[in-house]
Amino acid sequence: MSTSAHAAFRRLFHEIGTVDAVGVEERVAKFATRSIKKKSKLFGLKLAVTMVDLTTLEGKDTPGKVASLCQKAIAPHEGIDVPSTAAVCVYPAMVKHAKKHVAGTSVRVASVATAFPSGQAPLKTRLAEVRSAVADGADEIDMVINRGAFLSGEFSLVQDEIRQVVEACGSSTLKVILETSELETYDNIRAASFLAMQVLRPNDFIKTSTGKTSANATLGNNQVMLEAIRDFYFETGIPIAMKPAGGIRTAKQALQFLIAVKETLGDEWLNNQRYRFGASTLLNDLLRQIEKERSGNYQAPYYFSEAAESY
Amino acid sequence: MAAKTHKRQNSRATARPSVAQPRKSSRELIFGDLWEFDPAPETADPKLKPRYDLFINGEFTAPKSGKYFPTINPATEQKIADIALASPADVDTAYQAAQRAFDSVWGKMPGRERGKYIYRIARLLQDHAREFAIAETMNGGKPIKESRDFDVPMAAAHFFYHAGWADKLEYVAPGRSVKPLGVVGQVIPWNFPLLMMAWKIAPALAMGNCVVIKPAETTSITALKFGEILQEAGLPPGVVNIVSGAGETGAAVMNHPLAAKVAFTGSTEVGKIIMRSLAGTDKKMTMELGGKAANIVFDDAPLDQAVEGIVNGIFFNQGHVCCAGSRLLVQEGVAEAVLAKLKNRIKVLRVGDPLDKNTDVGAINSKEQLGKIRELVDSGVKEGAELYQSPCRLPAKGFFFKPSVFSNVTMSHRIAREEIFGPVLSVLTFRTVDEAIEKANNTPYGLSAGVWTDKGSRILKMSVELKAGVVWANTYNKFDPTSPFGGYKESGFGREGGRQGLLDYGKLI
Amino acid sequence: MNPRLPITKTPKCYVGGAFIRSESGRVTPLHDASGAFFANIPQCTRKDLRNAVEAAAKSGSGWAKRSAYNRGQIIYRLAEMIEARSAEMIEALQVGGQPSARAKTEVAATVDRLIHYAGWTDKYEQLLGNVNPVSSPHFNFTVTEPTGIVGVLAPEDAPLLALVSLIAPAITSGNTVVALASTSQPYPSIALGEMLATSDLPGGVVNLLTGFRAELLPTFATHAHIRAISGVANADERKAIKLAAADSVKRVHLLKTEETHDWFADSAQGLYEIRDLVEFKTTWHPIGA
């Protein structure tokens, strides 16, 4: 690392403070011991459904696949009282298809952009992709930060790129993916959160992961980001929203993440304007547990459409 | 927007202490009831008996006097069971049984075989873990989360660790051999009834001693229930004898002529009384006494983890912990930020029914202890410290106290000097490293201390300078069977846990 | 021509690196084995003891912070000083009536004892302390630290060797000592003080008092800043000391006067004499990136 990059790290960490990894993990382990029963469980499960960014990010995505995804997002399960999800999340090429299907509903269309997931394209290309998705009707843009620049200490470059994407978004909401697994340490995750938040608008998001690397959202990196959001809010009054993505597959996990929100940022973040789950298989497990709470019986996965497991 | 944020960023690049300090009250977070949790009571059967007799010579035995005393649930004030009151005559019977067991069986048994009994105890305790956790919570008031996840598993771990020492005693003291002392008398407190019992019994047995132990008056159930485990393990009669009662029973246990060693955990005040009563004897002693630990937060500390450590340090087990981090020393530059974070954290502590799986802070152990806490808190208010209490609602019945934080505390305040043994934190500030060390050490106690800083060399410097038997750096209230625990100065002497603690139960030859 | 009048030495106690007479001005006449007057020995008071504790407290943190290697060299240097002046020390022992052969043996054993502990300074930690394999992600280690100011009560036998055998393990680990010398044979402690003064041992680390045991014992036991008592005492003394020591939770390690102790034996020295006068400190730190 160059001397100036080293100095940049030192300045940033001095300003925002550091994180002790073991301490974070002890804190989040306590969320996992919370016992959520009955009405409070049902409330949490339904709340989680409203926070899902129902996602498909495959090379093999087609307009047909996106159509059924949209249907699932609007009405996740027949016969029971379940709210719609917050959004569908698709590649830019699919935005216009998704937009058609969700028209007239509360479901928003989110699009990954900026050469997702690596971000390794010229800035010009990345910005053009954002503008194109917005032009196609994307309500929300999920961008990736320049991890290479971050890790080599070029913080102003990282921040400047985010700022330009904010501009390219127009009135669309921006979600900034830090790709926590590539930042590796909690210190870096906290630092990157601050770099992003400093140029974001109220209710823009910071987001953990693309879901395309080995490690995704964890209670630990979620916690570090929630605490960064809280500190930034105290300092500036600007509320930033949060989206863990990837790896959250079960209702139980989702409730643990929500408990973290409840106990770290409080009631004002317990809504889908301030908190989202980026997930594909989570929704069905939420539905399964909701149905179990309603009926008292454990449910088979094939009772739910688009189930990932067909055994 | 972009231009504006850019400007903001430049202006805030100067100083760190601005981070996380709420400047406007409108930036308060709301920890309300939008998503309230339903009660989640632990409902398994703790398998309690209506009456508990003394455990002497392998049998549950009625006290010679025929006297029993009631034990209650401090969260409901309801009676749980009657507990046998051991008289000095019962204690004598226990000692005779222990001495017989030592002379005829336990003292002669190869370490390999002794170890297997102790392993069995560990395993059986694991088998009955849930019962013990519930019983502990019902009788002592601690949250089920703690008895289930800490007290009981840690008690089992202590037996498992020490079991393995029984056939390796030649490695305890390099250059010398060790042998058991004989019968040891032990008196334990009410804050960790089962765990303190494990801390006492496991090393004593591993070394080859026999035991007469007295649990605390208010928390005898798990100790006597432990007698059932010993029976199930087939431990030879008399190796461990459990005698319940109050002060008179304790004095009889400490002063019995057959006791080769006594081990006491409790207040410094009672510890001194015991030391005086044993002055004319040659009994070995281990004393684990009170504390008034400093938990020191430097301005470069990872603040959120420090706050978590502060909370864990003072609200763990309602602050009924001899090593509780009851004095928070925070560096001036971050004092406001730490206090703000701490208050937010306290707001989400769930106080109430100890049997509820979501309860973070349970019941105060006894009416007497609650009175003592109230008296000291009143003194803090009178002496001019500023009191913040959790906005939680307390149950109508039972002994509860709101998590409390005093700020603007000075070293001369009673709340900064006396052990409160409750969920009450005193916050003091400091400016320099030397000032922190001086304030931390300015106490007759020396059990534990906490240090929070990102600077490695400072951690080691603090660790050297703090006069305390345990130093937690960037963590707090951690325990392990392998890790010796015990105090400097008037917090006692001798260690429990690890190789050092084990040797305190042996005689060098 | 008149024969030259020899200069007699005024015995003084070694306290705080200086040579003092008792603040009280009191002295006790000491007679040699033939019964002839030898010298006046200071009869120290509780105030002298208090001053000695202050001196020990002042030098304590500096001594404890010396490197183990340095402490070892200083204790070795003390052995060198005694060895070099062994004739003088043998004479000092003979004042108390010891035959010269026995005095010679005692001085030699004293030097050897110091050499023994000089070698311990940088080794005992490796045997008494350790890393503990805790089951959480923490690095956990136990080290020893000196207990603080140690009150040493020397027995009446082996007035030099026993005194040094009690002092040496205490200072090996960085404690400081306030010692009360044998009442019947105090003179070797006076000579020892003079050798300590030339040994590189910082002033105040070892303070040697002479005086009446019965007068000083209560203060040894009650002075709260004395953190441990090490020595030899009879049953009544042990009880009185332990009773008073309870008030400040003092560590008490006393051998019994009524039992015989072979100060010359190897068993009178070693690791566990050091262990008695240390505290164990256990430090935890998370292991994380």
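Details
Which chain is which? They are A, B and C, in the order written, and residues in each are numbered from 1.
Just so it is clear, a residue touches a chain if its C-beta (ideal position, glycine included) is under 8 Å from a C-beta of that chain, and two chains touch if they have at least 3 such contacts.
All figures in this text were calculated on a predicted structure; none of them were measured in a lab.
Ranked by how close its C-alpha mean sits to the mean of all protein C-alpha atoms, the top chain is B.
When the interfaces B-C and A-C are ranked by how many C-beta pairs touch across them, B-C comes first. If you average the Cα atoms of chain A and of chain B, the two centres end up 41 Å apart. Chain B and chain C have Cα centroids separated by 38 Å. Mean C-alpha positions place chain A and chain C at a centre distance of 69 Å.
The residues of chain C that reach two or more other chains are 136, 138, 286, listed in rising order. Annotation for chain B: residues touching 2 or more other chains are 474-475. Shown for chain A are the residues that touch two or more other chains, namely 20, 22-23.
Within the complex formed with chain C, the residues of chain B that make contact are 157, 173-176, 268, 271-273, 275-276, 278-280, 287, 289, 444, 459, 463-464, 468-475, 478, 480, 482-486, 488-493, 495, 498-500, 508. Remark: chain C residues 136-138, 286-289 touch chain A in the complex. Across the interface of their complex, chain A is touched by residues 1-2, 5-6, 8-9, 12-13, 16, 18-24, 26-27, 29-32, 34-40, 145, 149, 300-306, 308-309, 340, 344, 348, 357-358, 454, 474-475 of chain B. The residues of chain C lying in touch with chain B in their complex are 127-128, 130, 132-136, 138, 140, 142, 145, 224, 227, 235, 238-243, 245-249, 251, 270-272, 279-286. Against chain B, in their complex, chain A makes its touches with residues 11, 14-20, 22-24, 26-27, 33-41, 43-44, 47, 159, 163, 166-167, 198-201, 227, 230-231, 233-237, 258, 262-263, 265-268, 270.
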